[in-house]
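Okay, handing you the structure first.
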Amino acid sequence: MSRYILQRLGMLLLILLGVLVITFVISRVLPGSAVEMMLGARPTEEQIAAVREQLGLDRSMPEQLLLYIGDTLRGEFGTSLLTKRPVLVEIAERFPATLELVFFSLILVVCAGIPMGVSAALHKNSTSDYAARSVSALGAAMPTFIVAMILQLVFSGWLGVLPLQGRIDGLIQLDYEFPTVTGFYTVDSLLAGQWAAFKSCLLHLIMPVLALSLSALAIIMRITRGMMIEALGEEFIMTLRAYGLSPRKVNYGYALKAALIPLLTVIGMTFGYMLGLSVVVEYVFDWPGIGGFMVGAIVRSDYPAVMGVTLVLASSYLIANLIVDLLHFAADPRLR
Amino acid sequence: MTAPLLEINDLRVGFRNRRAVVQVLHGVSLDIRPGEIVGLVGESGSGKSTTPLAMLGLLPANAVIGGQARFENRTLDIANPAATRKILGGRASLIFQQPLKAFSPYATFGRQLVDAISAQTGMSRTDAGKVALAALEDVQMPDPEGAMARYPHQVSGGQAQRVMIALALSCNPKLLVADEPTTALDVTVQAQVLHLIRELAKSRGIGVLFITHDLGVVAELCDRVVVLYAGRVCETAPVAGLFHHPQHRYTRALLGSMPHLGSAQAFETIPGSAPSPAALPSGCAFHPRCAAATERCRTELPQMVTTEAGRFACWNPVGSDKGRVV
Amino acid sequence: MSEAAVLPKGRFAGAFERVRGNAAFFVGVVVFGLIILVAVFAPLIATHDPLKIDFTAKLAAPSTAHLFGTDELGRDIFSRVVYGARTSLTIGLIVTVLSALIGTPFGLVAGYFGGRIEWAIMRMMDVFIAFPPLLLPIAITAAVGQGLYEAMLALTVSFFPWYARIVHGEAKRISGQLFVKSARAQGFSNLRIMFRHVLPNAWIPAIIQASMDFGYTILAAASLSFIGIGAKEPDLEWGLMVALSRSKFLDYWWVALVPGLAIFLTVFAVNLIGDGVNDMLDPKGDSK
Amino acid sequence: MSELLSVRNLVKRYETPRGTVHAVDDVSFEIPVGHSVAVVGESGCGKSTLALSVLQLVAPTSGQVNFDGTDLIGASRSALTRLRREIGVVFQDPASSLNPRMRVGDIVGEPLRVHEKLRGRSLHDRVTKLFNDVGLTADAMDRYPHQFSGGQRQRISIARALALEPKLIVLDEPTSALDVSVQAQVLNLLQDLKARKNLSYLYISHSLATVEYLADILIVMYLGRVIEKGPADDIFRDPRHPYTRLLIDSAPSLDPLNRRLSRPPSGEIPSPSNRPAGCHFASRCSRATDLCRKDPQPDEIERASNHRVTCHHPIGT
């Protein structure tokens, strides 16, 4: 263990604390509506007082904050005002769907965006470079919800080859019961050897993944290109060329490595970007993840649910950043 | 006299930018014999850092290159960097100014040495490792095995420069091009590195082109000197002759302005500063700064004159008395 | 080589030179200029009252009467999209300018003073940045309520830390330069050094960021409206127009697509300009 | 001989992850009025930190910096501002020592605007005179720093340093980034200004040759400590510390017929965060004995009048 990792861990905890403070502040901005939610239009004074006490709203702000932090760290996200079930349970049921969507999108973005960016950098100012940059410029300007709706229109409405929305065919889900292992339907159905279910899950994934990936792909490709060009301009690249290393080895063995290490941070940020954007994509495709759940909760002022989802998404992002830091540490000898 | 190892004639280099081509070298000729250390001296804008890159085929794609070159009696297509690199690769090695930037920070010295050696010689990685280790021993690297496992950020600039020299020597080159290899180093370390280069060049008969702005280093190290000004050679001569009897007015002025121990009196100074390659004066490019400039210097490009002591291009050399301003 | 090559250039020296021949930048400027004109002269350009409901003509296909057809309330889509340009440009402008104005002082102070002040400010910014983008504005609108102004507030709160971060990095770099050390050695006040020496050399990356963010702001605001937590009827906002037509989308796709393409076109033009600004002002742009 | 600046037992330590860096370790010296004191040493010897400590741009860990009768350390803000007008500074890199967004006339005039509240004609006249003092013409005032060559920029820096008519100028490697021919111009200018304006210099350099030209008093530093100090002529003629000798021997001569390379020094400077015990130079010293390697630091001893050396076995004993 090194100072670096301990430092990162310490920082992570500190920032988590800050995140809790912010969600606390946000959740206390309009507590009135929550009381209303629970009691209907015309509550009595006593009813209000009772609910306020139940929610801890009668205590001082610092006390409330400490209580809130304590509760949250113990996984007490409160009860959904809408479903009357614990928020944590609601989230636990839906979170794997969100992760599955984001995970497949991230794989697509990394596996397609980085090679495209590298190739554009290696053939700077060639036709393929301009093509890649144009696609990237178009992708970055397309609103994700429009991409999603165009996909639906073309592949579902006109061609009828892909399911419009949802995560799995309802009938298939009834026919094939596969046990939850990872929470990813694709993986679980495969593990259970149920091909029809697997195929259905896969087909349902295609459009949401594409919609979620397009703008991230544009960003990753653009940044990869820039970093690769920067890496190719380093002085040590000239040394290696001067000493007769093959272009292959110089480009992929040395320049790519120098570009990939800072790219780790970018990949981490892309993960966060897609977590946020998944809210929109889940909404369009009626994907049963926590993003869509949150949208519904906002509209109905179910603030424990909203804050729960916010915390879970923010923490996932923090954990992803920690993983990025660890990879960074493993890849960059200067940090050791 | 032995035949030259490398001979360059009328080397011209320009860089294309959006507007035009900026000519940096206007016909530089020089030669290096086996075992000889030739100093290439110049100030900023003189083209001294472009010359070695052109020679080794390392200029970027926007360079426009012309001229003739011969290496070991083979003609080089110097206008074609890739072809030049192919012929010179393995026979000519380069040492950079900033040794710590010349190595990838993400790989050990061992890996980078082995990659380079096996690329140049076609050896197996095991054999290349042995060669690398031997080369590190040759440059008196303390703890050579340990150095193989180290990353650039773990060593000092002086040690990194030793590794750079080891890399340069590991391929048994005939020619070593050193681009200001000691500028970033402290004086005591500079003295070590200069000594090392001299010993290795002499014991192995390697021709060295040593680029520097520091005349003191030239005096310590070189056998012969080529002085560049504004992309042209203004004088070339054996080192003792050049320092004691400079011919070109610029060489003379440069020597006079050089601070050195034991010179506690006022320096001679050269007024103004070196011209930018994009805006060269007419005639002799040095004339606006030259105290002895005549009308001819302002209009006519001086011709190269060969004497027994060397060659120079000056209309009004130090040896001639007319027009001399003291 | 020539030392001129490594020196910082004057403010815009060579900037326009670099952009000459950058066709994309000019396409961006022309398209964006047209969009601004449309926004400014919306009342002259619109063929119908964008709010006028006409059930007799609902969900009409594009025709000479209704250039882009009508929505499910029979409102003229062309006129609605024309007016929508006002909303989107206003959002982009206000959010971007506010974020930059709020974030810059934080970054400047942190970068110049360093030490504990820097640590405290930048960790605070890290907390904001720790939320996945788009999530923080969503959470804030959840609390402060849903509407156009609330969405703008939420976006500003989530964007300003990025400006603080960018200005911080640049201000820190500039503060380490010798001319700032000289200024301190000459006994100038911190305020003078920050505003006369550091800030003029540190704001360009923030401008680049702002030019890139303008489009993203419009996209984010449209997304918030689309999921129902931004603009509300009867606001004339493109994201909201798409959302309103979603239930009829598969059959009457132009109703959603026209405002969608308006967002795309605006963001695309703005991004082209942003790239151009980047190339012009970023000294590293030469290598791209 | 009155003292303009006196530095007493100055210490600056930094804490880093790799250990404590002793950048400046118990350094004392004086600058008499009208004299120039040069501090030489290789990278990591602490000479730049010393300069910054004197300027109060880094806060020393302990010690005194007494300028013209007042201790700068712990001086009130207003006292410090007043004293700073008396001390000019010229830094190394002419590319970064001038604000690229200001016209050079404004750069040179800024201290006059701020401290003497000069405006308009009187400001313009003073700036013109400063430009003339450093060999530039007044028509240069409206241009920006990037429009000048390195040598001209360094002249502008000097003009700025002279603006408030200081008594002392701190020169931190003022010529090391310049071409040889330009370096000579700047050194001559500095020498000339010193005589004309009765200036004192604290001159930081790694180049012994420029030091010999400009310095009256020489201080040689190694790993944060002063290992030899005294009149510059004495030290160059008769260095007593083996490290000073090594520095002099490592500097290239300008005579190819009288080369110094035949006996290269060995070893490198250890890291300032991990200095060897005993005399820090012992690991590289040909005269070192067990005494040097084990004992605490040798004390400073006076070899001749004002010529002091910190060595157990100084040369000439």
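Descriptive notes on the structure:
Each chain carries a letter (A, B, C and D) given by its place in the written order, and its residues are counted from 1.
We adopt the following convention: a contact is a pair of C-beta atoms (placed from the backbone, for glycine too) under 8 Å apart; a residue touches a chain by one contact, two chains touch by 3 or more.
Note that this is a predicted model, so its numbers are computed, not measured.
Among the remaining chains, those touching chain A as well as chain D are B, C. With centres taken as mean C-alpha coordinates, the chain found closest to the middle of all protein C-alpha atoms is C. Just to note, of A-B and A-C, the chains joined by more C-beta pairs in contact are A-C.
With centres taken as mean Cα positions, chain B sits 54 Å from chain A. Chain A and chain C, compared by their mean Cα positions, are separated by 22 Å. If you average the Cα atoms of chain B and of chain D, the two centres end up 31 Å apart. Averaging Cα coordinates per chain places chain B and chain C 51 Å apart. Multi-chain contact residues of chain D (touching two or more other chains) are listed as 149-150.
Residue positions of chain C with contacts to 2 or more other chains are 3-4.
Touching of two or more other chains is recorded for residues 44 of chain B.
Those residues of chain B that touch chain D in the shared complex are 43-44, 156, 158-159, 186-192, 194-196, 198, 213-222, 239-240, 243-244, 253-271, 273-274, 289. Within the complex formed with chain B, the chain D residues making contact are 42-43, 149-152, 179-185, 187-188, 191, 206-210, 212-213, 233, 236, 246-257, 259-261, 264-266, 268-269. Those residues of chain C whose C-beta lies close enough to touch chain A in the complex are 24, 123-124, 126-128, 130-135, 138-146, 215, 219, 222-223, 226-229, 239, 242, 246, 249-250, 253, 256-257, 260-261, 263-264, 267-268, 271-272, 275, 284, 287-288.
Of all residues in chain A, those touching chain B in their complex are 234-236, 238-246, 249, 253-254, 257-258, 261, 331-334. Chain B makes touch with chain A in their complex at residues 56, 58, 85, 89-90, 93-94, 96, 98, 101-108, 112, 115-116, 119-120, 151, 153, 167, 171.
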